[in-house]
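Labels run A, B and C following the written order; every chain starts at residue 1.
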Amino acid sequence: MSKRTEPKSYSKALAAEKTVIYIVCIALCVLSIFPFAVMFVNATRDNYSIQQGMSLIPGDMLLTNWQTLNERQNFDILQGMWNSMFIATCSTVLALYFSTLAAYGLVVYRFKGRQLAFTFIMVVLMIPTQVSAVGFFTFMYKLNLVNTFIPLIIPAIASPSLVFFMRQYMIAGLPLEIVEAARIDGSSEFATYNTICLPLMKPALATQAIFCFVGSWNRLFEPTMLINSQDKYTMPMLVSLLKSDRFRTDYGTVYLALALTVLPLFIVYFALSKYIIAGVALGGVKE
Amino acid sequence: MKKLVALIMALMMVCSLMPAYAEAYTTDFDVPATGEKFVIYSWNDEFQGMLKNYYIPAVGGTVAEDGTMTLPNGDVIEYVINPNDNGVYQQKLDAALAAGEQIDLFLIEADYALKYVDSDYTLPLEQVGITADQMAKQYPYTVTIATDSNGVVKGTSWQAAPGLFLYRRSLAEKYLGVKTPEEMQEKVKDWDTFLATAREVAEKSAGATKLIPSNGDVWQVVRTVRSTPWVDDAYNLVIDDQVKWYFDFAKTLREENLTAMANPWSEAWNAGVGNDSILGYFFSTWGIQWTMVGNSGGSKPGEGTYGDWAAVNGPQPYYWGGTWLTASSTAKNLPLVKDIMEYFTVETASMQDYCLKSKDYVNNTEAVQNIIDAGFAFDFLGGQDHYSLFQAVTPLIDISAMSAYDQNINIEMDEQVNAYATGEKDYETAIQDFKDAVVDMYPELMAE
Amino acid sequence: MTQKTPKKRHAKGVDTSRYGYYFIAPFFIVYLVFQAYPLLNTVYLAFQRYMITGTNKVVGPTFYGLKNFQNVLTKGSTIAAFQNTIIMWVINFIPQILLALLLAKWFTDTRLKIRGQGAIKVMVYMPNIITAASISVLFYSLFAYPQGPVNSLLAQVGVIDKATYLNTGTAATVAIPFLEKGWHTRLIIAFINFWMWYGNTMIVLVAGMLGISPNLFEAAEVDGATPNQIFTKITMPLLKPIMLYTLVTSLIGGMQMYDIPQMMQQQGSPAKDMTMTVTMYIMELVYTGTKDYGRGAAVSVLLFLFTGVLSIILFFIMSDRDEARARKAQRKARKGAKA
């Protein structure tokens, strides 16, 4: 008897639990999508109606906003997208490869000063970025790197938070036995990193790739301080230009520009999200 | 201040109304080529638009598809924009100037003009080749602002920015029974009357309409008519009686709910131009054609609130904003600096042409007088000639209270006034916090 | 290291530890080239009197001892800024980590088999994609005063008097000026941070959970462990390194909180006193009014010390001992699975 009823009430409880979970999840999704909905809807409304109130009903001014955006002097959206894309892609690739490399070095090898090196990286992580910003900009002037993409890309190689994450992840998820096995097979150390470690780190890399890319794409402060020529402007800089004219801000155009800024991120995000979603992480160790 | 580019767009919208002004204006160009870029720093694309649409065509240069401006001698203009947000413009300008980067011409605003005028980063105009005689037709106050503590003129402006009080004709008639600008001026002739009118509007409309958007709008006027600057010669912070008066005026407005609670430049504030929640605004020259027209919800009489506005002097003559051109200490092409400055700020003919087409209010008494004499009417203001009002009020502008610290101190004060008006702090606390904040921001100053 | 790992040796008996240096070299070289000078410069400036006054006059640099520190600790807004930052971080982080853990648990629970996980994850992460600038524009209009969506919602549900609110003339007397009140603004800022980051935290935790070898779970299931036991006995301990990561990075990021509070601050709002964070204060010292590099650098050093001490405490509590434990658990489980 009890054996038969138990699974039943168990599955009932399970169903109830799942219902609660789905309700919570749906609520959270709505909360998350809401601002995007407003942003995209506003991109289709004109300045006047946006000012008169919030609405989720699309307007018919998309084309007009697009034209205004294109008529703006200095505002080459495609160039801006390309610049942002270039900077974000390069810095993401560099940051991922070299920071994972550093983390691998810290986890796999027992060398003198290893703990010190890790402590140093943690210290670096704790330094507020705004703090040394003043010195950084002056320094870039001295190095003659102002108005180039170099200061926006190369420093990504030293991404302390990425090293920290990959280290923590490897401790939990990279079996040293695999590395040893590769050595026994005669694989060189770099080859082991490239062919064994990197593939194993895929889920973590995909996650961090999104963080890096989004972080780099959305960066406003550094590019604003370092870039002068309009042909080198990034998307957020273009948006901030549009917005900065507070004496006459055309919100429809601003929202359209914001929407366009988010679009490429969507693409990258959805492209990479399949790694996270498919659970590639499973089977970190194939024995 | 922001203006022109905007004006140009506004102009495009209304250009059908003034085809007569559309003839091209041309002038000679004899600046020798340097083979180098000519670098301009600014915070928005307004002056860039002025170059593209007026200067470059007038001297026979070319504007490429991608916006590159080339002069007849082959030199190219590089126009660098850094937004004002969070003070980015000044930060980058300072960094570039300190690093000795080439900048030929840069733009400054009234709020912080003295900071640059009083520094070695700007060259005396005489060194550029512009004499005091040439500036004789400019409004004197614009020259005074650009004069450093040793009496050397370091900048020149293409516009004057006297302010007026703008009101909605239909709402004024409905709630105040006012039919003409003269009657309206009587209703706002001084601050006591202004306050009484604010109460009347709120009462008659049952609160649906307010006379002004916020107490911050009153401050736009009061801050320019104070009798003493924030900081005296001995670096003491000075809080004069008008500031004290304003604290209480703001509190009264807030307590009696006499404003629409729409802070300057907020969305509600911009939106108020297009709906019936606000009866009037304080605005100066550039704000009318640029900000108001754009927010009115229309582009010709009958659409939105377009055409339903009128201008009067208001309680006190004041100014709001203004932009100056300065030659940078790192300039390499002074002849071109001179030519551009002359085109926009000295020559009557080119300034008159620009004034008519852009509807900006130019800094040239002769040009303005010519326009008024020829009969001027602005359809946004129901056909009113507000240039005459500007012409009359500009000589009354008093800038004796201006200081290099205005921009930041005014923001700080705004905060304390609001805390006092909402009852969060009493007067003594608010003033003490204000002093502390100012000294924290400017450690070289002293407050009692 | 407390860990008892046999010294790594190449199969042929060659010591490979020098590769550790090669592998961390790019990080250190780039850091030294681009960041070391600005950083040392900041520390140097903290002990100098160096400023550019409101009229562009340069003062210093001259040695100033600890005066800058004394100055910022006794005058100005340093203490208040630290308090504001900590409060806003705590009220955002606690709900954030709890919700993220809960979601991660749900999503990795094989018994529940939540459907549409992919879509849910994609969506809850999305707030993190938009720039702070656009988020603030949006929340600004949401909390507008007196007429705004949140205020009108409050009127609809009767929190504020509906009749008074619906009369435009009197609305301002009952509507809440959210962004002018300190605690309201703090909560809004904390909420935005929470809302932007819980998806991110959840994804990190899920990645961490998925990184745990499935053999462990299989072994545990074979041994008859319940899902809850598996979660508390296997998942949580193995997740500790990732939790530590989340906590420390969130703490560090939180202490450096800048763009959201900055954007949510409307010019002239009296709420500023209660929402100005440490980095906002640093930026104000260095960029607004007189450019006081000395005091700005001093506050920076204080912020760094504060974050450093807190992180060390965290490390001490959660610590690398887990590294050894995690490895041990892994090996044990793998052996168990094989057995």
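We adopt the following convention: a residue touches a chain if its C-beta (ideal position, glycine included) is under 8 Å from a C-beta of that chain, and two chains touch if they have at least 3 such contacts.
A quick note: this is a predicted structure, and the numbers were derived from the prediction, not measured.
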Per Cα centroids, the chain farthest from chain A: B
Of A-C and B-C, whichever chain pair has more C-beta contact pairs: A-C
Approximate Å spacing (C-alpha centroids) for the pair chain B, chain C: 41
Computed distance of Cα centres, chain C from chain A, in Å: 15
Shared-contact residues (touching 2 or more other chains) in chain C: 141, 283
Residue numbers of chain B (touch at least two other chains): 91, 267-268
Sites on chain A at which at least two other chains make contact: 138, 240, 243
In the complex, chain A residues that touch chain B: 47-48, 51-52, 72-74, 76, 137-138, 141-142, 146, 224-225, 228-230, 240-241, 243-251
Contact footprint of chain B on chain C as seen in their complex: 51-56, 59, 75-77, 140-141, 144-147, 167-170, 172-173, 177, 180, 262, 266-270, 272-273, 283-284, 287-290, 292, 295
Chain A - residues contacting chain C, complex: 14, 17-18, 21-22, 25, 28-29, 31-33, 35-36, 38-39, 54, 98-99, 101-102, 104-106, 108-112, 114-115, 117, 121-136, 138-139, 151, 154-155, 157-158, 161, 163-165, 168-169, 171-173, 175-176, 180, 183-184, 186, 189, 193, 203-204, 207, 210-211, 214, 218, 220, 236, 239-240, 243, 254, 258, 261-262, 265-266, 269-270, 273-274, 276-279, 281-285, 287
Touching residues (chain side chain B, partner chain C) in the complex: 86-87, 91, 94, 114-116, 118-119, 121, 202, 205-208, 216, 257, 260-261, 263, 266-268, 277, 404-405, 408, 411, 414-419, 422, 424-425, 433, 436, 440-445
Chain C residues within the chain A interface of the complex: 1, 5, 7-8, 10-11, 16-24, 26-28, 30-31, 34-35, 37-39, 41-42, 45, 103, 106, 111-112, 114, 116-135, 137-138, 141-142, 149, 195, 199-200, 203-204, 206-208, 210-215, 238-239, 241-242, 244-245, 248-249, 252, 255-256, 258, 278-279, 282-283, 286, 293, 296-297, 300, 303-304, 307-308, 311, 315, 322-323, 326-327, 330, 334
